[in-house]
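Quick heads-up: structures coming right below.
Two complexes, one shared chain (chain A), two partners (chain B, chain C).
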Partner chain A sequence: MAVLDPTPSGAQHILLPFLYSQSQTSLTRLYTRPSACLAIYRLLSPLERQIIMSLLWLESSVPASVFASWVHPNKVAKQQYDTAISSLTRLHIIPSTPGTLAKLLLHPTFKASFRTALTGGGTHQSFGVPADKGEKRSVNVEFLDSYAVERWETILHYMVSSGTGQSPVRPSQGVLYLLQRSGLMSAFGGGSVLRITSAGFQFLLHPPHSQLWDLLLQYLHMAEERRMDLVGVLSFLFMLSTMELGQDYSTENLDQTQNAMLEDLRDYGLVWQRKTSSRRFHPTRLATTLTSSLPPLPSSTTTSGTDHVASQGFIILETNYRMYAYTNNPLQIAVLNLFTTLKSRFPNLIVGALTRDSVRKALSNGITAEQIVSYLTTHAHPQMRKNVPLLPVTVQDQIRLWEREKNRVQADEGFLYTGFASQIDYEYVLNYARQLDVVVWENAESRCFFGRADGHESIKGYVTRLRADANGGGGQGA
Partner chain B sequence: MKALKGVLVTCDAAVKQILLHMNTEQHFIIQDLDDTHLVIKGEELERIRRALDVELEKNTYSFE
Partner chain C sequence: METTVSDSPPEHLSLIIDLSPTQWHLSSLDTNPQPLSLRLFISQVLVFLNAHLASRHDNTIAVLVALPGKNVMIYSSSDTIEESDHQSPLDESNTYQPFRAMNSAVVQRIDEELGAQEHGETEAPIGLVGALTKALCHINRLTHPTASANPSIAVPTPPNPRILIFSVSPDLSTAYIPLMNSIFSAQKLKVAIDVCKLYGEDTVFLQQAAHLTGGLYVNPERRDALLQYLAMCFLPSTAIRRVLGMPTQDHVDFRAACFCHKNIIDIGYICSVCLSIFCSPVPVCSTCRTKFPIKTLQRLMLNRPSPLSNGHQRTASPAPQR
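== the complex of A and B ==
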C-alpha cells in the first residue's frame, strides 16, 4: 500500500534532507556501520536503490555515459535519473568526481559495509548484540506492542486534550520539551501550561510513521545542540530499525551517547527496559519499523490510522451536518471533539454534529477549515467512499464559509507612504517597493501606498539616496 | 514624503462601516483609504478584533 511506504511516490523521506546537510566525514563514519547502510538504503527511492544495486558488486567504476544509456530517452525519465544521481552524490554514496561525472562508483566504505550487511559476517556488531538467553522470562510481542501504543497514545492524547480542561496523563519532561521545541505545542500565558498549536493539529492528522519521524528529526536537531555525537545518535536509530521485534539486546557495547538515548527513546515508546539500570533492552514495533514499510503500530489499535485507509475509516458525515463515528478509541474521540459537538456516546459509536460554534472554536485554536475537511476525508467510513464527492458539498462549503466569516478582517503591519511631491517621485519609490514585494495597497490618484514593515528600512534608505541624487542633480526634493 | 506607521486593515464594506461607527466612540483610525481599506493604530488591533467579533456575533442565531 502506497501510504505505508516510507518513501511514497514523489515525496522524499523526511530524514534525507537532514542527511544531505551532514558533512562528508560524518557520513563516512556512519557508513562504517553495515546497519546504517542498510537502513539508509531502505529510505531511498526505488530508482536510487536500483542504481546502488547495479554498482554494488562491481569492482571498477562505470562510465556515466553507459549508465545514462540505460535511461529511457524522454524528459521525465532523464529528470528522475538526474535527481537520483544528485541525491546519491549529496549523500556521498556516489563520490562526486571533480569536473563532469565521468565515472560512477560507490563510496568504498559504503560499498564494503553494505556488502557486509547483505552477506553477513564480520565483527561489526552494528545490528545489536542479542542478550544472553535464559536469565528471566522473555517478554512477548503483545506486551511490547501494548507498551508502545500506550506510550505513543499518551503523547498524542496529551496533545489533543491540552487546553480542554481535562488533565490526561502527562508524558515525561523530555517529551514535553520535545513537543514544545518542535512547535507542536506552545506555552500559553507564559506559564507551564502547554497547548496544541496549528502545527500540532496537522501533526495529529499525519500517519503514525511520519509523526514518529517528525519527532525524531526534532530530536536529531536537539542532539546537535546538546553536542551529542550525531553519528552515534543516527547509527543507534538505524541499528534499532534493523533489530528484531521480541528479541532482547544487550546494552553492554553501547557507548555513552547511546546509553543516554535509551532513556529518551524509552519515553517515546521505542524501546522497553525492565528497569532503568537493566543491562538489556527490547526494541518495540515503533523502533523496528522505522525504515520499513510496515505499520509502526499494531493495526487493531492504530491511532490516527491513515494506513489501511479503507478499512480504518470510521466517520460518516451527513448533509445535515450530523456525524457518526464508529470508534471507541479515546484519542480519536478527543480529536473529533476539537471541531464537533458530541451529542451521545455508545459502546462503539459516537454521534455528534458540526456546528457553527464547534467549528469556530476549532478555528480560534488555529485549526484551518482545510485541515478539518482533510481529516474528515481521510477517515471517512468505507460507506462514504461511494459518494462523489466524498463529503457532502454543503458541509464542506459551510466549513469554509465559517472560516471566511471568522477572518473578515485582514491586518498587515507596516507604513503608509504619502505626501509625495511629484508623480515621478511616487512612481520611483513605488516601483522600488514593488521590487521588494512589500506593497499591500496602492492608490495612484492620492499618491500613496502601503508597504509591509519589513521593507521600511530599505525604502527609507532608497528615499534618502534619491534625495541626495536629486539635490546634487537639481533640487527635485521629495 | 512622509511615512505613517500603522496597520492596514483589509475588510469588506460592511465591516468597514462598523469600524467607522466604533471609531466615533474611541478614536483609532489613522487614515480612511477606500471602501475596503483603513489604516489604524497597531496597538488597538487586538481590541478592535475582539469588539468586532462581539458586534458580528449579535447578528447570528443558533438552534441550541
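== the complex of A and C ==
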C-alpha cells in the first residue's frame, strides 16, 4: 500500500498522491484555510517543510538557481532537493514557472494563510469554534477514548470475524458500504453477507495510523463520487486534526457538506456527539492525531480501561515459535488467530504457536510474510525490545521460508507446442513467440516450447500462415 | 508504515534569551543602524517557536531567560499550562491552540521577570552560563528518561536536542571556565549550540561554543530581517543541515581566559599536569598545586614577549579584574 518516495528520508504520506491529483483551483480553495495549510505542512517531508519556511517570509521571488546553490553540492542532497521542489510544485505550493528563468516563490494564498496560521489572529475560524462554556456536563478524555476505541474496534472486529460463523456487532450501513467500496470486504454469494478479502486481511495487520488514512482516503474517493464538495471535506478533516482533544466545538459554523460528514465520522469514531441533533461535537483522539505520529488509539485493550499496557505491545515470541500475548482483547486475539495456532487462553494471556499450517493459512488469505513480521515487531512486548534483533532470527527466517515454499511451484496457463516438422519451422515459430514475450519454457532437442495462453491466438494464426506457405507442422496440447 | 512523521525522532529546542535590560535599551536606541527593541524581538521569536512546533506534533521547546545575576526557565513543553484568561470562543477559533497557550505563557513570564528586576546602580553580571547549564540538565533529562518502575511501559523515542542562544551582552571572562565545562558536556550529550548575536561585538566564548559543538554562530547583518535569519538558519534540524548549506564561521577566535585574572589572553602558560591556563609563569599551579622547577620559571620569564602589567601577581586566589 505504501507509495515509496524516492528520497531516502522515508515514505511519503498516503494522502499526498491524492492531493497531487487535485486541480489547482480546488487546492487554492483549500489553501485559504490556515488550518489546512498547517495540516498539509505537517504531512510534508522535513526538507519540503524547510523550503516552505525559508520562502515564507520573503516578499519577492528568489531565482531558482540562487536557491539551489544553497544545497550541498553532493548527489544525494541534490536529488532530495529536486524531489522536494517537484513535490511542492505538484501541490501548487510553489507555482511552476517555465524555462530557465525559473523563480521560486510560494503560492500567494498559501503564503497568506500559513503566515496567519503561525502568527495567529484573523477571522477565518478554521481551527474550529469552541462551543459556549455554558453547559456543565462536559465529557472527559477517557470517555472519548473509549468511544473511539469501541467504534474503531467494532469495524475491525466485524472484518476479522466475517466468514468465521460468529456474528459480531455490525457497524453502520455507511461503514459497511465504505468497506465494500474500498475492496476490503466483498459481498459473498450474491447476498448481503460480506466477506473479508485478501486486501482486508492485509489491512488488519497495518498499524492503526495507516488503517485510518486508508479508510479516509477511500472516503475521499467516495466523496468525489457522491459529488460532495471535496475541498469542504478535506478542510474539515484538516480542521479536525488541529483541534484540541476534550474540547467541544460548535456545529453552527459548519456548512452542509461538513454537517453530512459529521454523521459519517461519528460512525468511524472520529467525532462524538451526544445526540445526532446536538449542536456541538467532540473530536476524539483518532481525529486529533491525524497529522501527528502519536498513537491514534489510546489503548487497544478492552474498554475496561484499567490496563494500558497493551497499547505499547503485548506479544512475546520465543525462538521455539511459541507466542505469548498479554491481551484479553477479542480483536487482537482474532487478528493473531489469522496466523497463529492458539493453544490456551487465560484471563489476561493467550498462548499459541506459529506453525507451518497457521502461517500457510495466512499466506493463502493474501497476507505476506513481511506483514506478519512487521505486525509482530510493532506489537512486541517491551521486554522483547531488549533483544537485538527484536524477533528471533530463526522465526523470522522460517516465516519467510514458508512464504517461499508457497511460491515454489508457479502455475502458468498456456499451451505446449510440439510436433514441428523441421528445425527451421520450429525456430520461426519460436522467434515469433519470443517477440510476443510469451515463451515460458523451450527445448530445442525435442522441438517443443510452452507459451502462455494469451499468445495462443497469435501463434495459431502465425502457424496457419506458415502452413499456407509451406507444409509446416504444429500441434497443440494443454 | 507510510506515516512520514514517525521515521525520525522529534526535535527539541532549548532557547536561551539574554534579557540584559541595559543591552536591550542600547539595542533599541535610534542611533543604531537598525534599532531592535525587545518587544519586536520577542514577537519574532514567538513566530519562530510556532514554526518549530508547527513542523511536528511532538516537537518540544524550553525557553530560558538569562537576567542580571539570575536565570529562569520560563516555559517548557512538558509543563501543563493552566488557562489563565478565557478568550471569547470566536477568538480561539482563529489560532492553533498549542501556539496560543505557549505564546501567552512566554510573554506573561517575561513581563513578570522583567518587572521583578531591581533597579540598582550597576547591573549584576548576566546569568547566561547558569541558563546554559540548566538547559543542558533539562536536555539530559529528556534524552535519558529515567527507567520507570513499570518496565512494560515503553519509553518514547528521545528527541533530537539543540540549544539556541540569543546573546546581546559582551563576553564575561569570569564565566570562561563554567562555559567551557558546559561546552564539553554539550559535546558529550551531542547537543549543538547555535548562537545568534543580536547586538554588540562578537563574543569569543560563544563563538567557540558554536564551533566546538557543531552549531552555528550568526551575527545578523540586517537585524530588521531577523525572522528570515531565524527561519533559514536556526529552524533546520541537524539532519536538514546535511542537505542545505549553512553559514559557516570564517574566523573563530580561539583565545582563552587565564585562570588567575580571567583576562582573555593571546599567549598563555599551561600547567603541564592539569592544563590550567595562566597569563604569566607561576611557580606553583593554583589548581593542582604542582610545583614547577625554578629554572624553567626563570627561562620563561626571560623569554616573555612583553610583560603584562599584572604579570608580577602570582597569587593563587582568583582576582577578577572586571
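To be clear about the criterion, the second predicted complex is superposed on the first by the 315 of 478 C-alpha atoms of A that agree within 3 Å, B and C clash if a C-alpha of one lies under 4 Å from a C-alpha of the other, contacts with A are read in each partner's own complex, and residues count from 1 in each chain.
In the analysis below, contacts are C-beta pairs under 8 Å (C-beta built on N, C-alpha and C of every residue); 3 or more make two chains touch, one makes a residue touch a chain.
It should be emphasised that the depicted structure is a prediction, and the values quoted were computed from it without experimental measurement.
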Partner chain(s) touched by A:469 [first = chain B, second = chain C, both, neither]: neither
Partner chain(s) touched by A:409 [first = chain B, second = chain C, both, neither]: first
Which superposed partner A:81 touches (first chain B, second chain C, both, neither): second
Contacts of A:131 with chain B and chain C, given as first, second, both or neither: second
Most chain A residues touched (candidates chain B, chain C): C
Touched partner set for A:454, first chain B, second chain C, both or neither: neither
Residues of chain B touching chain A in the complex: 1-12, 15, 30-31, 33-34, 37, 39, 42, 45, 48-49, 52, 56, 60, 62, 64
Chain A partner contacts - residues on chain C that touch it in the complex: 1-8, 10, 47, 50-51, 54-58, 86, 89-90, 92-97, 99-100, 103, 151-154, 227-228, 231-232, 235-237, 239-240, 242-245
In the complex, chain A residues that touch chain B: 355-357, 405, 408-421, 425, 429, 440-441, 443, 448, 450, 456, 459-460, 463, 478
Interface residues, chain A side, partner chain C - complex: 1-3, 9-14, 35, 38, 41-47, 49-50, 53-54, 56-58, 69-72, 77, 80-81, 117-133, 206-207, 209-210, 213, 242-244, 247, 250, 253, 289, 291-294, 308-309, 312-313, 374, 381-383, 385
